[in-house]
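Chain IDs A, B, C and D follow the sequence of writing; residue 1 opens each chain.
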């Protein structure tokens, strides 16, 4: 992928409000592929049972989806996300979500995303579908 | 539903770390039904394009799912969620997610969740599936 | 909706190979809404356990989706379907799937579909997403 | 996996009404993995636009899911299936759906399924979730 696109997306993620709230870092970005990480912080991300909230898990998955989907330098918008929860991460675990593109047409693109903990245990899997607007990303 | 269950879930949500981060309030809880609300705060919930992050939208949806799924006083665990994004909310909009149970067996329950803004515009819809452990909720 | 569009879709379903295999009838079609029915025939539609095959159940759901999605007279193509199975129908039951549109933009439309048996019992629910090509349906 | 389980599932598929309607063959079955194939027959499987009906595509995917999910010799029941359609197969193409298990707990198991044509082109992808009853398959 173009280096200026990668740099632009990296910078956008550094400034992105929701990613900052969750403590998400973009650690890898290539054409149609992305890896993002965060440390699961129970004091901010737990649910009513003292487990990681589905929304926090989903937030990391969605960040992988979002970054992979913009990697060709045009704006893509999330249409549908399907998440299956497999296991609950341990407090303090470093979590990584990896997205990869499995298809791309003029107007749509689809992704598979896996979320693993730092022991390689599968936490959640996701299928996601984006609409491709065709417009260049605005902060290039 | 039992009043002590409703009170216990209300209290649990008040103390719930992720719900506090997003500013989520539980405003209605009945057997298999729930309504939660939050004000969409761009300074904390935006994505790289200055729109509400899919993870923030989903966080509210998941809270509706979670509370409705515990309303019979036993612990239910999220297995699968499918979210379709319809529209992007306006900054500062008060968002509401409503869950209702569409089926329940001994071990599973399924829900439909709708997220609307304060003008009644549909923002997202969700189908969600929970595993019912049968165990009483621990903080009763 | 336009009567000539309804007539064209009705005729197309009457000639549609897969609908004929399953014995599907289109019984109602309005703007963004459709109802299709079939009699569940164990001798042709069962799975290895003598229950209705998921593919037969889904075939009826998909027909409701397909017909509702073409009801504005332009070609729409299925992108994503999410099916949750609730109960198994009884042999010989008349099944009905109803689709209704919950959103429509220039390029996408989303639907909820419910499948019930003739006693009103919920068999399956579905969320479905279509891409709208904007082209008029060819057999008008 | 146990040979008598594989033989029992193979035999069950040979007699399975819906698989016979679609012309599905089970060509591979291992622990948590399965491959099924069928020739796409437009005269029986087309939709109103002369393309493969979503229900026919789904039927093959579901067969891969079903067979993989019974491969440990106990009965599993479909709870949720999420399909993303990527491309439309050519008339007469031999289609193959491969399922593999990505997680298994006492009561649930989840699968990814891919459907490809005989040129290796991706036609559809699927995430699927099964409930594990724990009961031995009855025709062993």
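One rule holds for everything that comes next: contacts are C-beta pairs under 8 Å (C-beta built on N, C-alpha and C of every residue); 3 or more make two chains touch, one makes a residue touch a chain.
Note that this is a predicted model, so its numbers are computed, not measured.
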Selected interface, A-D versus B-D, where C-beta contact pairs are more numerous: A-D
Self-contact between copies chain A and chain C, residue sets same or different by half: same
Distance between chain centroids, defined by C-alpha means - chain A, chain D (Å): 29
CA centroid of chain B to CA centroid of chain D, Å: 33
Multi-partner residues of chain C (at least 2 other chains): 79-80, 82, 84, 129
Chain A residues within the chain B interface of the complex: 9, 12-13, 15-19, 21-22, 42-49, 53-56, 58-63, 65-66, 70, 75, 77-85, 138-139
Chain D residues touching chain A - in the complex, by the definition given at the top: 82, 84, 86-87, 102-103, 110, 112, 122, 125, 127, 129
Touch list for chain C against partner chain A, complex: 79-80, 82, 107-108, 129, 131
